[in-house]
């Protein structure tokens, strides 16, 4: 892999995205605008895949420094694409490509109502900034692109800015992410205090001789900062607001990719700058484990009772980020005890899940987008029967659902298998407390997995199966070809990553430079293997998805053969007929289960968490007789625990203080002069009578 | 033995499992009937029903989609595939190299996933009831199940089923305390998974008590046959798994043990499974179905017991 | 008078530069005279713009001179220009230039709306030139007494400018401004006199040459000065000039004055005048840290800086009036500057000086945009302004860019300098102060966004507004204002990405003036 | 007979402080003006003394300027500006701080200024003028400021401003016997212009609000 070929590739990518950002501005007609913006975006994303893939294959770090220097020598705009960066660029490219294709069709749903041009160019800027964040090699440029990313995504969130709610969620998003940035900046600047240079190279160089306190400080600051962007509990509150507000293709990018950029930052800090080296660092890993598992649980719990399809998906992002961070935390714990092999395993699991989540969450949001486009609503209680109206969308949404529910044979299962194996390997940690707490943390993960599949039964079942619940769903139409194409790409990625895991595992292994502890896991078509070795017992647990697929296929064939043979005696016919209505006459769509009623048992079981507030209104035929009711209507809403119990009180406190402070501006000139007098005398006393 | 021979053997094993599964169901029904002072139908009744259903016409609700019609096949394939990875009669499955305990759980979960979807698809309230209840139970079963697996794989090493079964066979009769707790929790979980009382009543046709039955209510003919068959296959596989992991008495410690030992082992497994099935059936006559929202308490018990098991292992 | 004549006859450095120093001062003076003679609106506008251009040109010449051959003085040491002075000179000339351009369209529109008449306009342009003159004098004067006179003069002139609209609010603002600023400056004078006394009593040559008030001589023998005197002297100067620079808790006049002044004047007030005042503070900071060591003065600067940021944060969060919000953000940014100086070190001072320039670019931009908006919506109350991006797309975009820049969002220039400030803070181990600054920055960001986003986006309330969705009627001078705003936007973006080489060298030299050599990093 | 210098200086200092107390005590505008006039005369006197001792002609000029500007022009100007206003607006009916308390605080401020000067400047070799006048000027400054803080009337604030300026002037002349002349001139000119502008503002105020009560100047605030 010749460097010059690289150094032409990166500028080409940048140029393409900039072209995509500027070109639409010259057109007037929405159709042309969307082509002019999304075709370059697609090509650029494809090139990003190429670049990252070639870096991963060539096992070499690619440096590229531009002449631009912000203000000081060490604030130069230089790029450093190692395996880690390349892997996350791969994620970006893999999701951005189908999304750009998808957007070609999706953007037209806005033509006339909003400026397609703005959508197109902002989307380009958004993707470009994410690519550059992963590529950059200095604190200043990192923060620059990081905030550019936040800015672009914010503008996309408030794209439909007539709705007050969108504006509010946009503000929440921007402020939260800015707080996160503040923490990140603090983390980096603490490192700067150590190294005296703003370039990441110096951070890498001094990663070894970082004081324990400094390391902890950097680590925690980074966890909070990047966790905010990644949507880690309890910093996640912006996420379920922002993703539904944004256009669906943007939600796909934000949820699929942008959260991963947050993970990238976390990985960069944990693996490069503040590397865990001694058992003293294990608690940092446990911190991540706890944060991760609670995020997973909280996310999936909220998702399970949500009936807005996009909000539900957003909460699932919280869940999956939780699983990813759980894996990362495990690998930190293992690293700090020097257990290289299982540390690699945990990291593999976490990164694999990042990749998977990027793909299937992108797919799901695209699916939600075409449902939105087809029916004009995001409320599942108004959907139903779409499997017949939009078969392709239904198919791909089902693929995504199976993948995210962690069911074989799709990619979600593989990464969850790895995560569970990593958890099972925690017996090697020579510390009973950690062993037990990790073991108990696995309960949260297991519950999460269970609830996730239940939730996606609801998501897919209610929106695509049974009968239409509204006129809109009745008249839903299939999405245009470009959108189907986008979903096809993502869907096939889901399948490929599921049945051919070695592709991803080898990419990750070369990206993160594992010593080949689980070597067979990276061999083509080889099974994933995890060794077990403790007091006399040795065994190898392995999973070979191609084999499984083969087996499944043959079983299926055998079954069909059996059916053909056994059924040959008498020809059976299949009669369509109305659903059995229990003798009560025709069933209306009102008699079906809705999303809300479907999740009612779960809501009841987890009462302590949701604290649902239910009001029942009864309408009687006569006040004398309360036995015969005309109608009973039940309203039930669950509380946002974090907003009500954590953020609102904090905010109230801050606002109170600020309110007291601003009252200094009394408007009375006497008080103004008094301030001056007091200030003078106070300062005089300070300087005169200070030692 | 050669890999080809191994494959053939395990294919035979799976064939046996699939073939004997309805018999097990029949036995359970019989035991249940007897303990309820009824004669009960013949133990082969399930075979009669299956063969009858197999050749019957189907009535399919017109509000269903392809999910509904494909579900029985997917369920059957998933279940049978799962059976391939489980050493039922022999302490060995050649496919352990391709998939482990977690994969088995995953495949069964896939089957359940589609069953739940099919329950909604027919747009009837019964299916909805079934699915929503199943959603709750299945998601609550998950943690207990995984924690049990955790304890088992800690005690017996890894998640590779063959080596697990072999290790269990090596331990012989004596059972580690952690395993004992795991056994209790796994028993409860299998009751839930296979839809037995007190979680679900396989014999009911009252919408108030139905879970699994409600989901498959709309099915008829060959589809129903497939579903029932897979259900009993799943039941057999899980019971066998429990037996082989926790009550390895008589199971040879290696596939090289010789044909007689293997034969004896297989017979022992069969007997133990039947015994266990009888116990399950007996339990069913003793307990009534629990109110839906008391089910979580039972599952919580399972989780807690498994946690205690883990503590016992580590301390 | 004799000394004055002597100074004129024998310029300390008989070079073309000293002549340029005099001419740059003379230009606005001449303009003032001309405006006064020809009492005519068009004429006044023309004169003012021309003089602004001339001043700009000569300033650039002076800066080039400073970069090429260091400092130089004129008028027998009364006037003096080094890199630091030049750095402050640039915003004065630059903002003066754009403000002059903007005035033509803005005041023209006010004239058409009948808010002002010809008499007002003449007075406005007189005041404008006079204001520029006095402000130019501040960084050019070496004699601190002269500088004090200049600053006091700026107060008086700007009071006149604020009183242009003789409504109650204007009078109230002017009164408060006058009283508070005068008190502050009297304090400053106490300090200055103390400094000069310390100087004369300490070093014989200074006393002999009677140049005890000259900054050059002060800094020359800073080591000899009596620390006791310098201590309280610095406190007096800090509080006094700090009042003019809008450092809390002496900032109280600022929101009223900036809020009520005509928009171009507000731009000058907060874009430039504050710089002049903080410039004065820093001059004495240099001397004081020369005498006392940097520790004590830095401590004071940090205290006042944090206080200013805190109060600004509170007031911005709850602000209702657009211009007042901008005024408070000026308080914030002055706080940041003094904080940066307090952090010190090469990066800190570099950041402080860069921030002075950046603020002088971004704030006028914001005032211009808000002026256009409030003229269109006929209110300054932010809750009544909605959907600017729809009613006036260009201005809306500018408002968004400027607002994000002011709030410290990359890729705009303010972020660059704020980042450097934080870098110096953390790098200097001042974790507490730096973290507080970070926190306050976040709060201010939140407060700003809270007002800005609904103003820019959302759907406009006024029914008439949407129908006439365009950039105001194409009245005279609209082009000029667009030009002014365009220049500022370009600068905001470019300086956000990198600092041009000449500016960098200038700032480095200015940092040298602080006795800080050896660029770190 | 020859009176020792220090006695004269002390005498003038006492005079200055007393006149300041006069401003604090009196309630009516005329009262303040007369107190201020008296103070300015004493100030001019003390300046003249310094001039006589140092023999610098600039300080003589300064003394004359002080006498003319502060004792004659400014009071006239203020009277001219305010004669249109009704008398009840020229009386400090109820100050924010009661007169008695104000007197106490002024005393404290004087103590503070003396303490400050002796704490800090004792090390520097001050001459007799400085030693006498610096504390006085500082207390003039603070008391003037305090008057502005504690009174409601705009007029009163102007007077406070004037006292502060007096303190400033005294401070300057006492500390540095004549900083270079143009600075002196500039400072004086600035002060004069400042007072004129404030007078103008007073006029505007009396037209717009027809009162000098600060209460009418509290519309600009944050809430």
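Here are some notes:
A, B, C and D label the chains in the order they appear, each numbered from 1.
Here, contacts are C-beta pairs under 8 Å (C-beta built on N, C-alpha and C of every residue); 3 or more make two chains touch, one makes a residue touch a chain.
The structure presented is a predicted model; accordingly, all values stated were derived computationally and were not measured.
The chains touching chain B as well as chain D are A.
Put simply, the chain nearest the middle, going by average C-alpha positions, is A.
More contacting C-beta pairs link the chains of A-C than the other of the two pairs C-D and A-C. Chain C and chain D, compared by their mean Cα positions, are separated by 31 Å.
Centre-to-centre, using mean CA coordinates, chain A is 45 Å away from chain C. Computed from the mean C-alpha positions, the centre of chain A lies at a distance of 70 Å from the centre of chain D. For the pair chain A and chain B, the distance between mean C-alpha positions equals 35 Å. Touching of two or more other chains is recorded for residues 116, 120, 145, 148, 157, 217, 219-220, 222-223 of chain D.
For chain B, residues touching at least two other chains: there are none. Looking at chain A, one finds that residues 662, 665, 669, 673, 676, 684, 688 touch two or more other chains. All chain pairs in contact, by the document's touch criterion: A-B, A-C, A-D, C-D. Remark: chain A residues 304, 384-385, 387-388, 394, 398, 402, 405-408, 413, 417, 420-421, 423-424, 427, 432, 435-436, 439-440, 442-447, 449-451, 453-454, 456-458, 460-462, 464-467, 527, 530-532, 534, 537-544, 547-548, 551-552, 555-556, 559, 563, 566-567, 569-570, 572-582, 587, 589, 591-593, 597-602, 604-605 touch chain B in the complex. Considering their complex, residues 96, 112, 116, 119-120, 142, 145-146, 148-152, 157, 214, 217-223 of chain D touch chain A.
Every residue of chain A that touches chain C in the complex is listed here, in rising order: 68-75, 140, 143-144, 147-148, 151, 158, 161-162, 164, 167, 170-171, 174-175, 178-179, 182, 185-186, 189-190, 192-193, 196-198, 654-655, 657-662, 664-665, 669, 671-673, 675-676, 678-680, 683-684, 686-688, 690.
By the touch criterion given at the top, residues 1, 3-4, 143, 145-146, 148-149, 152-153, 155-156, 159-160, 163, 166, 168-169, 171-176, 178-179, 182-183, 186, 189-190, 193-194, 196-198, 200-201, 210, 212-213, 226, 228-229, 231-232, 255-256, 259-260, 315, 318-319, 324 of chain C touch chain D in their complex. Residues of chain A that touch chain D in their complex: 662-663, 665-670, 673-674, 676-677, 681, 684, 688-689.
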